[in-house]
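Pasting the structures in now, so scroll down.
Shared chain: chain A. Partners: chain B in the first complex, chain C in the second.
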Partner chain A sequence: MSSSQVSRRRAIALAGAGVAGVAGAAAIGGALARQDSAPSAAPVADQVAFYGPVQAGIVTPAQDRLHFVAFDVLTKDRDRLIQLLKDWTAAAARMTAGKDAGEVGAVAGILEAPPDDTGEAIGLPAAGLTITIGFGPTLFRDATGKDRFGLAARKPAALADLPHFPGDTIDAALSAGDIGVQACANDPQVAVHAIRNLARIGMGVVSVRWSQLGFGRTSSTSTTQATPRNLFGFKDGTANLKAEETDLLREHLWAATGDGPEWMAGGSYMVTRKIRMLIETWDRTSLGEQEDIVGRTKGEGAPIGQGQEFDEPDLTSTSILADAHVRLAHPTTNSGAHLLRRGYNFVDGSDGLGRLNAGLFFIAYQRDPRTHFVPIQLNLARHDAMNEYLRHVSSGLFACPPGVSGPDDYWGRALFA
Partner chain B sequence: MRRTPLILALVTVSAVAACGDKSDDTAASAGGPIAVKASDTACEVGKNTLDAGTHVFQIANSGNKVTEFYVYAAGDRVMGEVENITPGLSRELRVELPAGTYQTACKPGMIGAGIRADLTVSGSAAPLTEDAALAQATESYSRYITSQSEALVEKTTDFVTAVKGGDIEKSKTLFPIARTYYERIEPVAEIFGDLDPKIDGREDDATAELPFSGFHKIEKDLWATKDISKDGPVADQLLTDVKEVVAKAKAEKLSPLQLANGAKELLDEVANSKITGEEDRYSHTDLWDFAANVDGSQAAVAALRPALEQRNPDLVKQIDTAFTNVDNELAKYRVGDGWKYQNELSQTELKGLSDVINALAEPISKIAGVIAQK
Partner chain C sequence: MSSSQVSRRRAIALAGAGVAGVAGAAAIGGALARQDSAPSAAPVADQVAFYGPVQAGIVTPAQDRLHFVAFDVLTKDRDRLIQLLKDWTAAAARMTAGKDAGEVGAVAGILEAPPDDTGEAIGLPAAGLTITIGFGPTLFRDATGKDRFGLAARKPAALADLPHFPGDTIDAALSAGDIGVQACANDPQVAVHAIRNLARIGMGVVSVRWSQLGFGRTSSTSTTQATPRNLFGFKDGTANLKAEETDLLREHLWAATGDGPEWMAGGSYMVTRKIRMLIETWDRTSLGEQEDIVGRTKGEGAPIGQGQEFDEPDLTSTSILADAHVRLAHPTTNSGAHLLRRGYNFVDGSDGLGRLNAGLFFIAYQRDPRTHFVPIQLNLARHDAMNEYLRHVSSGLFACPPGVSGPDDYWGRALFA
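Up next is the complex of A and B:
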C-alpha cells in the first residue's frame, strides 16, 4: 500500500488518474509559495493557505459551498478542550491542504482499527477549503452564569448576546453553540468531509448542536468575483466589504488592539442567521414589487434609478422606497456600519405543506456586532418590506480569533494562554 | 397581520357611476320595500323580478342566529349587503341594480354560501366600457368595505365589552368572530401605518415603541395566561384603533390594481401564517381567519369581475373553480357555525388546505397583469 504520508491529491497523481490530480499537484507549489501572504483568489482545485495572521474563510473570495456546524462542549476539563483545539487545528491544516484528516489516512492503516479519515474525499482536490472557528458566548459563561473554563474574564464585551429582534421566530435548538465552525469549499463533499471529521475527532469532548449546508454562495467578498444570486433571484453581494478594501476592512472587519481582550486582536465577530424565505409567495409577487422591496433591479442589479450594478444608490431619491431593503441596510442609514456578508443559499427539503424549506444562511463578519449587525438588523426587522417573505429561524454569534501562525500554534491559543 | 406595514401611495379613482346615475328612488318608492323573511333555514324574498333601478329590501330576521343578506351579481360580486342582522331585528338594504341576473342570499350564522334565490332585473342595460368596468370595481369594493367595517365595529364592541366584564368564555367565543371582519378587509386596514400592528400585531413583532397590544395580546391572556383582569385598557385601545381604521378605510378608494394585489395578499396571508398556525397561536382559531381572508380575496376579485370577464374570461373560469375547491376543502373542517381548531388538523389535512390555496393564488396573481394591460 502507499505511504502513510501520501496526500489525497498525490495518491491520484501516482495512480495516473488524470487531469484533476495533475492540476491539484501543480497547485501545491503555488500554495506553499503563498503561505504567508493574505489569502487571494483561488481557482477551483486550488488550496487556500491555512496559516496566516488572520483566519482564512473570511476575506477569502467566497467559495461556492458551505457546511456550518455549532458544537456544545461536553467536557468540563479545560485541558481536554485545549487538546481538542490542538487536534482540530492539525486536522484543519491537513484537510485544507487537500490531505486526509489524520496522519495515517483513510485507507493506509491497519485493518483492525477505524481509519483516522472518513474517506469520502479520497481523490478530491483541496477545492479551496477553508475552516474558520469561532467561540460562542456560552463557552465563557453558561446559561446559569457559571465560568466553565476560567475564561469569563476574557469574554469580549462585543460578544454580548444578540437581542430579540421584532418578528424573530428563533428555534433555540437550531441556535447558538459554544463553538462554531464554518467550512467553505468549491466542492460540497470536501466541505462536508471537513466538518464530519472535526465532529468525529471531537466525539465525547463536544457534540454537534446544529449544522447547516449551503449550496450556493450569496455574496462576493472580492472584486474579482461575479455577483451570485440568492433564492429571490436577485444579485446579492454587490455592496459588500471586499478583500481589496483594506482601509474599510481595518475599520469595520477586524478587531484591533484596544477594542477588547487582546486575544481577539486580528479576529472578527461572526453572526449567523438562518433565514427561511417564503419563496412560493415571493414567486407570485409582481416584478415591480420585488424590485421595490429590494431597491434594486432584478436583471442588472442596479440601484433603482441607476443603470449599472455598481452605481451608488441615490438614497436622497424617493424612487428607492422608504422600506426598501438596500436603503435600510445601507451604511449611510446605519451610522456608517459596513458588514462583510458571506451567506449561502439553502434548501432543506420541504416543510410538509407543499413548500420548499428554503432560504439564506446569513453569515456576517464585523469588528463589533453591537455597532454593526445589531443596529442594522433592528432597522431591517422594524421596517424592511422584505420581512413579509422572511422568517429568522436560527441565530448564532461567535468570536473568531486571529489566524494560526504555524504548526506550533493552535486555534484559540492566546485565549487559553 | 403583515409583518411590515404597507406603505402605499394610494391612487384615488374617481367615482364613475356606471349606468343610469339615478338618484331618485322611483322603483323603490313605487313598489315599496321588498320584504325578506329570514330565518335559520329559509330566506323568502318578496319578489324575484324587478325593473332596473334602485330598490330597498327590508330584511326581518325571525331566526335564532345572526344573519346577513346579500345581493350578488355573477361570480358573487356583491351589489349590496347588510351584515349582522341579529335575531328579532329588521334592517334595510338600498341597492342600485342595472338589468341583469342576480342572486339573493341570507346567511344564518353568517357563514357559507347562504340560502340563495334567483333575481331577474329587466330594463335597458348599456354594456359597460372597459374603463367604466374598472371604475365600477372600486365602487363595488367600497361597498364591501363599508358593510364589513360596520360589522367590525359592532363585533369588536361586543368582544371588548365581554373582556372588560371579565367574561372569559364569552370573550373566547367572540374573539374569532370579531377578527373575521378585520381579516376580510386586511389589505385596506394595513395601509394605515401603525394601526395594523397595534390591532393585529403578534408578540414577537413587539418593540419598545409598539408594545404587544390588540387582539393577540388579549388572545394570549384568554388562552395562555388565563387572566384578563388587567386587559381593560388594552381592550379600550383596541376599540379606539378599530374605529380609527374603519373611519379611514371607508374614506379610501382602492385602485383596481390595489384590489388585484389585495386579493393575492390575502391568500399569501393564509399560506404564510394561517395554515402554519402562526397567527392565532394561543387560540388556534386560525381557520376563522383563513375563511375570512378567502372571503376578502373573493370580494376583491368579484369587484374586478366585469373587467376581467371582458379581458380574460378563461382566467375568470380558472379562478371560480379554484375558489370552489378552496370552499370544499375548508368545508371539511366546519363545526357548527365555526371551524375546527388549527391544531386539531393533521399535517396531511393542512397540506390539503395549503395545496388548494396555492392553486388559487396562482391564477389570482395573474389578475394585476391583466388589469394593467391597456
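Up next is the complex of A and C:
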C-alpha cells in the first residue's frame, strides 16, 4: 500500500500529534488496515430489468416512491454531454441492479479518492428501482433559439412547448429543464440515492434545476395493482392506461416510426405538473360536493350512478355533472385520448400561510402531447369543478427515448448518432 | 332519508338539467343510493399502543417515515385550547389504531357535511403509527412575556430557549412553535394523514407554522433494529440510547418527580434541528477524509481502530482525531450525557443554486436539554470537523408530557389541571 492512500487530514493529524517516523508508519499501517472490505453484494430482490426495447419506469407497475429531478446542462461541449449520458447509463444499469453507482463502490476505494458511490444505499435491495430519462425542448434549442448541441433538426414537433393553460400559476424556476430523470422505487432512500449519484456524476456538466420527492403513488399502471388514493382522499387512476392493455399502449403511449424523428420510435413523451391541492379548503367541503366534483364515490370509487370502481361511467346521465372531473377527463370527452399516469402525492412542508404545502406531482406519458395532454388539460383547465381546489405550480415536458439495448448502448445514442 | 342530504351543487345541477319534480325525486333517490357503505374496518397490523405511562413514539422502535408539524395557537381562549387537546387525543387514539380520525369516518357521513376523516388512509393499516405531542416555550409565555393561557408558572426551567450556537443559520419562520407533533409510521401516507387530520381538526384554533417530511429513519431506538445510514452514507445512531437500556433511559431520557413541575414527570424534552447537509461538497471529499471526520469506517461503521460497529471507540487513540464527530459527540466527552435520537433523512427539492436541498431532520429526546443537547451541541458547533458540511437551518424545543392513561385522559391534562 502506498502512502498516497493516507488522507491529507490524517497525515496532518499524525504529524501534529508528534507521531511521525516509525510510530507514524505504524499508525499509517493501522489506518490503512481499518479500510473496510466491500460489503457483500447487495441483494437484488425486486429488481426491474434495465435493458430492453423501451425504458423501464413507464409501464413498470408504479413503485411506491419517487424522486424526480430536472437538470440544466452547463457544458457547451457536445462530447462532454455524450460522455455524461454514457456514464449515467452505466451507473443506472448498476444501481437498478442493486449495485453501487460505480465499479469501485462506496467503501472499497483508496482512502485518497472520493468514493464512486455515496453509500447511503449500502445494504438496501434494488427495491424495484427504475430510472427513466427524457430530453426537454431547451436541449434542442435554447430560449434564444440557439442550437446548442447540433440537435435542433432532430427536435420532435411533439416536443412543442406546452401552452399556458387557464388558471396556471407556474413557477418558471421549478419548471422545464434540459434533462428530466424520474427515479421510482419501493424504498425512498433507493430513489434518492439514484438521483443524488446521477447529480454527483454530472458535477460540472449539469446542475440540478429542480427536484421533487413523491411519498406515495397515486396511480396504478398494471391491473395487478390496487388503486391508491390521492390527497383529496379519492382513488386516483382507476381509468389509467395499464401495462396489460397492449393495443391501447401502441395507440396512445409509444411514439412510432413515422410519428416524428426516428430516434424517438419506441419512446414516449413525459409531461410533469406539480399540482398544489388546497386541502384545507377541500376538507371543509361536504362529502356530497366532493363526490359531485370528482364524479365518483369516495369509498368505493365507483362512477356516480354505478356500484363498482371499474364500472364505466354513464356520461349520458346528469348524475355525473357537466363539470365533474371524471366526465371532463374521460377519453370519450377527449377524442379518445388516453394518458398513462404515474403521479405521486407530495407534502413540501408548509406554505407560510398556516397550511400544508401538499398535492399531486402529476406525471403522464403519451405518444404525442399535442393530441393527448394538451387538449385534455385545456378541457380541464376551462371547465373542471376541481380547479377551485388546485393550483398548477410547475410544468415540465420531456422526450423519453426508447430503451437501452445493452451495455454498449446508452441513453439517447440514436439522438446523437 | 331527508332531502337535506342532497348536496347544494347536485340540487342545482338537477334543477338546471330540468329534472325536477318526479324525475328529480328519482334522481335524488339514485344519488343517495350511491352513498358508500363504510369500508370494512381497517386492518390493525403493526399497531402501537396509544395509551400508557409514557407517550408512544419516543422509545418505540423508530418507524421508517416521519411527518413533523409545529403549530401556532391562534385562539386566546384557554378552554378552546383544552377542547382541541381533547379532540386531538381522541383522534390520535383512533388513528394509531388504524381507524378514521373521527367516529363517523371518511365516507359514511351524510352528504351535506364534510367528512370527519380526509380519506387518503382508507384501507391502509395502522403502519406502526405513533403521534407524539410537545409544548413549546411560547405556549407558556409569548415573545412579549405575556402569560397567554395561565401556564407561565408551570413552565419548566428545562424548557429554556436554546442558545444561538456557533455557525447557526436558523430560519425563524421554520423554527419553534407553540405545539409540536411528531407522527412516525412505516407508511408515509399514514403519517401525512395523521398530521393533516390534526390540522383539519384544529382549523381556526391553530395554524401550521412549519412542517417537515422525513423519508428515511437515521436512528435505531431498539437493539432489534439495524443501524440505518444518513445522507453522508454513514451509519448513524450506533451509540444511540435504546429502548432496552432501561437504567440509562431513567437517568437520561425521562423527566422525573423533582426535576421540575410535576406535570412533566414521565415526560421528555424534544429538540428538533433541521440540518442541511452540503452533500455535493461531501461527495467530492476522499473516503479517508470522510472517515476521519466521522471517526468511523464507512462500510462497517466501526470506530477508527476497531473492527466492529458496536466496539467502543478508543478515545485515547490519536487515530480518532481531536475534531472527529464520534469523539466530540461521545458521552465521555459530554459529562456522560446520552440523547435518544430519532432523526430522519430529508430531501426538500433543490436549493435554486444547482444542488439538492437535503440533510437530516434531527430529533432528540432527553431529560433536560440544559444538561444534554445544549452542552453536546455547543461542543460540536465549536469543534466538529463535520461542520464544514452542515448548516443548521431550523430549531425547535418542546416539552412532551407523559402518556395518556385512557379514554378519559388527554394530552396535557396535568398541565391544565
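We take it that the second predicted complex is superposed on the first by the 372 of 417 C-alpha atoms of A that agree within 3 Å, B and C clash if a C-alpha of one lies under 4 Å from a C-alpha of the other, contacts with A are read in each partner's own complex, and residues count from 1 in each chain.
In this text, a contact is a pair of C-beta atoms (placed from the backbone, for glycine too) under 8 Å apart; a residue touches a chain by one contact, two chains touch by 3 or more.
Values in this document were obtained by computation on a predicted structure and should not be read as measured data.
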Give one of first, second, both or neither to describe whether A:Val347 is in contact with chain B, with chain C, with both, or with none. second
Contacts for A:Ser335 in the overlay, against chain B (first) and chain C (second): which applies, first, second, both or neither? neither
When the two structures are overlaid on chain A, which partner does A:Thr169 contact: first (chain B), second (chain C), both, or neither? first
Tell me which partner A:Thr281 touches in the superposition: chain B (first), chain C (second), both or neither. first
Answer with first, second, both or neither: which of chain B and chain C does A:Asp384 touch in the superposed model? first
Check whether A:Gly305 is in contact with chain B, with chain C, with both or with neither, and answer first, second, both or neither. second
So, does A:Arg355 touch the first partner chain B, the second partner chain C, both, or neither? both
Report the partner of chain A that touches more of its residues: chain B or chain C. C
Should A:Ala322 be classified as contacting the first partner (chain B), the second (chain C), both, or neither? both
Both chain B and chain C touch chain A; at which residues? 280, 284-286, 289, 321-322, 352, 354-355, 385
For a test of understanding, state which residues of chain A touch chain B in their complex under the given definition. 164, 166-169, 278, 280-281, 284-286, 289, 321-323, 352-355, 382-385, 387-388, 390
Show me the residue ranges of chain C that touch chain A in the complex, using the header's touch definition. 5-10, 13-14, 17, 19, 27, 30-31, 34-39, 65, 67, 69, 72, 106-115, 117-123, 173-174, 187-189, 192, 195-196, 199-200, 203, 207-213, 215-216, 226, 229-234, 279-280, 283-293, 297-300, 302, 304-305, 318-319, 321-322, 345, 347-350, 352, 354-358, 385
Show which residues of chain B lie in contact with chain A when the two form their complex. 2-4, 7, 204-207, 261, 264, 268, 271-272, 275-276, 278, 347, 350-351, 354-355, 358, 361-362, 365, 368-369
